[in-house]
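Here come two complexes built around chain A, the first alongside chain B, the second alongside chain C.
Now for the complex of A and B:
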């Protein structure tokens, strides 16, 4: 069967299109409610630590959820996703320090730069499978990390971008105000999650799942696997860069550690913790990891042991992420009830 | 008429009881309000490759804080240190610093972070306006660059530029005496390594113009194997070698270079050798390595310094590090500044700290100063000497001249566009 014929076959066999609109309306509603709840938090609790916590959740949550688009939905286990987190932080920080453009312009320009870099790196990486893909992404990450370290005149080397990130107010938003930064981070988080949800639920999202389950079959029914993988690689990079920009604003700088492999490792760990089969798994994982990190480092300096035991518990004990476990448990109960 | 005592408690005793109760319950509150502790936060590195240095910072701080508390505390308030591990990650350092101030109620920060982490904590200090003393970051730009300057942050740390000036002056003297013209360098490949080496070579050539660098090696930070670097240097046949490798990197390098008998073939200048963490770890410490002082209890050769080193050793069963004396000095500065300001208010303390000179066991002349114009430590003991394989390890340290340091540092600042 030629490719053309396969494509025709696919069209005739295609199931009737399901109207996705009701679900989209539901997602919009959930997003609005989530944003409203987050926006109310500071007025109820007024704890600065809580605001810091949510800002960090926004940064890591966007990063980890975008990684799950690759790992969970497409089966691309990237060990180098942290490079885009770092790229976002450095791109945005440098743009603000060197050019003095308004924040929204720097935001969009950073996304544009990330897009170009992701297309180039992705075009090389997504041709590879499994372990080869993982290692080449890791290699690119180390390349970017080394470049940041060596290009001292631009990046400040291992000392990072110094002198703070200027934040001129725009549209009445002043990001040097803690509350404004908090609300903006929440908005970016909710919008980012909403968009990623739409990607995951779109026909393209289902194409990705098919590629994950059987790439050969996908290509036989006429899907350009390389293009689909590259598209999701670039999209995921854009959301990771957004996470990096939030982090850069939070610490008012950018540091080479943001582009180091440990950040990618943390992303993978968050996904393991929260689970990769549900959309919100990585977000739950982020909240769990940050709570664990913050409380354990307060209590003991042997946090490595505690976190290690938690990983072991999830990896060997549950053998899945927390959300996977919860969802399965509910499904089982429902099954028992109906049975 | 006989008076019959009513059953129960009389009004008088009720009042007395209530009074006693009130006093009992109120006493601790009154006492606490009078002697309310002052919390000082400290993010530092307590895990990973440089954990030993972070721990030695904490040890030194606690040693000094105990003394201050025993003497009545800071303006009558006992110090409570809140020390947390940042794992050497700048984003964690920033988070912890914010948490220490916003949630734990710390009124001051001692920043025990190195390199990038210190810049992250600096931004937190800029944002929150809290008094902050950096105690571990040697990066000159932290205080030399006017863009970094904020009124509430100080740096109580030695600086790369000072080390380079003194080291180059010392090395130039030996180069002239022994006719060392061909030099090689071998330093870690990151900002500190490149900057410090560049500055050393610049001043070496200034003091001894016929010196020439014939080979440069830049091993990666935390590189485990130095064979290729050692053989490259041996092939170039220099008469002298400069290195600013430090910690575990320096000790592995020396152990590996020893196999090739490198130290018998050239004069070696390793600025970070004379630190107990390195001196006591090297298996066969070669005789005659030239090194800058990091912390050594015999330099400055005063009873105060020796007593401080011994007290530390007695309490923690190991010698202090370079980070230890810097952290101890920061607590001494705080103590003196609070006494002078007669207040623990961060702004008032910062005003007094600016330009403050205090007595200190680590001062070149028994005192150290927090220079007013760039909020950085000057006047500390700085010098170079040669090693021997056993205690006191560096028996004779030649002190650097602070007048020369100030002159050349001013020129350097100008060349960098800082002034």
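Now for the complex of A and C:
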């Protein structure tokens, strides 16, 4: 192949970048509108329950969407993503309790710690194949969980971080005020989702999709697959840790359950429920799961059976998530209308 | 820091009595794990699915055994009920649900199993109640323990180790020598070809799943006299047998045996030196093995 031909080939392979800028403006607009709506919510429906629900959605939504960057976009089925949720909650809680630094400093420092841990764990995990990747991430999750349980002097063992997390005001924001906490959580959620959306739509995001679909081809055209996987593993960990920090602020503590494998299992389930092919699928899944959890626990003590049947319905019946289903249904209808 | 008691570990290693006691307790942990893990590894080897709900079969085995023992008072019948009941359960589970997700992505298979972990735990809670239960040691084994080099060895432990070893030998020889074993290995290699030769692969898949479930149920039934029974008891066993299969290599029976014994010994000796970090030690060991040999100690490189 001559150089000219190679050059032509590369041109047709380039991602459609023409659309990138208007799409980003659209995303900014959507983010701003979403934030404005969320911020107005307390002035329309003042119920504390609803605001609590939104805060929990923010924590789990960031976590689940970041997991989708791995599962849906890169094809990395992590069964230990919850470890970063737990790490965020514990890192932030401990930093606030032991050092008394301002909240933004603790926030950034926790992200830095998460980054280091994720680089180390990711470097070990991402070279493994599908099922082994799932297992090793699960093993790391349990390793962190048992470290938290056994390091009682620091973490409080199975009792969790007790005595509350101090929340000194900063820049006029007082997170011990419920409304301020709510607005901050919403802001973190919207910013986090916006950033993840930009990652997913960037050329790097398309590289990830390519790795998911055909890693051999990706490495043949010169992509360092290992590095790309590691990068997204670390990025996803940072957003998961942010979710963990929101949770820690919300419950004013941190508990070993935050680092237990079930958090990862729930994350996978949320992704399945909402669908992994659309960006907002996991967010829809989060809202669905939390509503489902809240109603089912209120109605019956056997909520495992109900949840299990719902999972089976999605996995065997629908064979896809809710958003996947909706998107396909719309596409089909449009096809019928035009044809 | 994490509490470490190396003195206790060193003094135990120096005393034969303690060494014997700890080794036997490590061996029975290992043998029970082996029975669960070998089913897991067999199912993975042939069906290429990871049975995330395998711990539930262990749990059902224990509960079946307890109920039958309380009804009939016969320990042999209890063990039989544990094994047979879970075999039937495994067959139904495979034919009705798991067979729908073969060849689909791992995520779907994990989710179906995850759903059943939740459902089975609640079913046990409904039937037998949420509280801890115990079956009690059968009368035949309520005899004074043996003393070997000063170490305490309850006779029941010997039975347990014997049964598990027998299962290992029968399985190993059966797969290697018998006709059915050959068919199963062939189905693991190339199910399309096996089915083209006129063998019912669905039957083999169901059979292997039932066999795996039966082994886990047997482990549960054998464990019932020495462990307390609770809904959710399958889960920690499941995680440990995952570690075992991953360390030993998915699909390898010898690997499952060696891995289970290693984990058993790590647990029993680790609990002396690192009382609160015993579980952590297992995960650490698994990480080390996987980093140095991603396919496990006895696993073959899968294409």
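We adopt the following convention: the second predicted complex is superposed on the first by the 321 of 339 C-alpha atoms of A that agree within 3 Å, B and C clash if a C-alpha of one lies under 4 Å from a C-alpha of the other, contacts with A are read in each partner's own complex, and residues count from 1 in each chain.
Just so it is clear, a contact is a pair of C-beta atoms (placed from the backbone, for glycine too) under 8 Å apart; a residue touches a chain by one contact, two chains touch by 3 or more.
Bear in mind the structure is a predicted one, so any value in this text is a computation, not a measurement.
Participant: Sticking to the clash and touch definitions up top, decide whether chain B and chain C on chain A clash or fit.
Facilitator: They clash.
Participant: After the superposition on A, what does A:295 contact: first (chain B), second (chain C), both or neither?
Facilitator: neither
Participant: Contacts for A:177 in the overlay, against chain B (first) and chain C (second): which applies, first, second, both or neither?
Facilitator: Neither chain B nor chain C is touched by A:177.
Participant: Of the partners chain B and chain C, which touch A:152 in the superposed model: first, second, both, neither?
Facilitator: both
Participant: In the superposed arrangement, does A:332 touch chain B (first), chain C (second), both or neither?
Facilitator: neither
Participant: Who wins on chain A residues touched, chain B or chain C?
Facilitator: With both complexes superposed on chain A, more residues of chain A are touched by C.
Participant: With the two structures laid over each other on chain A, which partner does A:304 touch: chain B (first), chain C (second), both, or neither?
Facilitator: So A:304 meets both chain B and chain C here.
Participant: Should A:56 be classified as contacting the first partner (chain B), the second (chain C), both, or neither?
Facilitator: Only chain B; A:56 stays clear of chain C.
Participant: Have a look at where A:23 lands relative to chain B and chain C in the superposition and call it first, second, both or neither.
Facilitator: Neither partner.
Participant: Between chain B (first) and chain C (second), which does A:47 come into contact with in this model arrangement: first, second, both, or neither?
Facilitator: A:47 contacts chain B only, not chain C.
Participant: Mind checking 7-15, 79-87, 115-123 or 151-159? I need the stretch of chain C that runs into chain B in the superposition.
Facilitator: Of the candidate stretches of chain C, chain B runs into 151-159.
Participant: Residue overlap on chain A between the chain B contact set and the chain C contact set?
Facilitator: 149-150, 152, 157, 303-304
Participant: Contact residues on chain A for chain C in the complex?
Facilitator: For chain A paired with chain C, touching residues are 71, 77, 79, 124, 127-132, 134-136, 138-140, 142-143, 146-147, 149-153, 157, 261, 265, 268-269, 272, 302-305, 307-309, 311-312, 314-316, 319.
Participant: Could you please specify the touching residues of chain A with respect to chain B in the complex?
Facilitator: 47-49, 52, 56, 149-150, 152, 156-160, 162-164, 176, 247, 250-253, 255-258, 262, 294, 297-298, 301, 303-304
Participant: Give every residue of chain C touching chain A within the complex, in rising order.
Facilitator: Answer in residue numbers: 1-3, 50, 97, 100-101, 106-108, 110-112, 114-119, 121-123, 125-126, 239, 242-243, 246, 250, 274, 276-277, 279-280, 283-284, 286-287, 290-291, 294-295, 302.
Participant: Sort out for me which residues of chain B touch chain A in the complex.
Facilitator: Against chain A, chain B makes touches at 46-47, 84-85, 89-92, 94-96, 98-99, 102-103, 115-116, 119-120, 123, 126-127, 139, 141, 145, 147-148, 189-192, 194.
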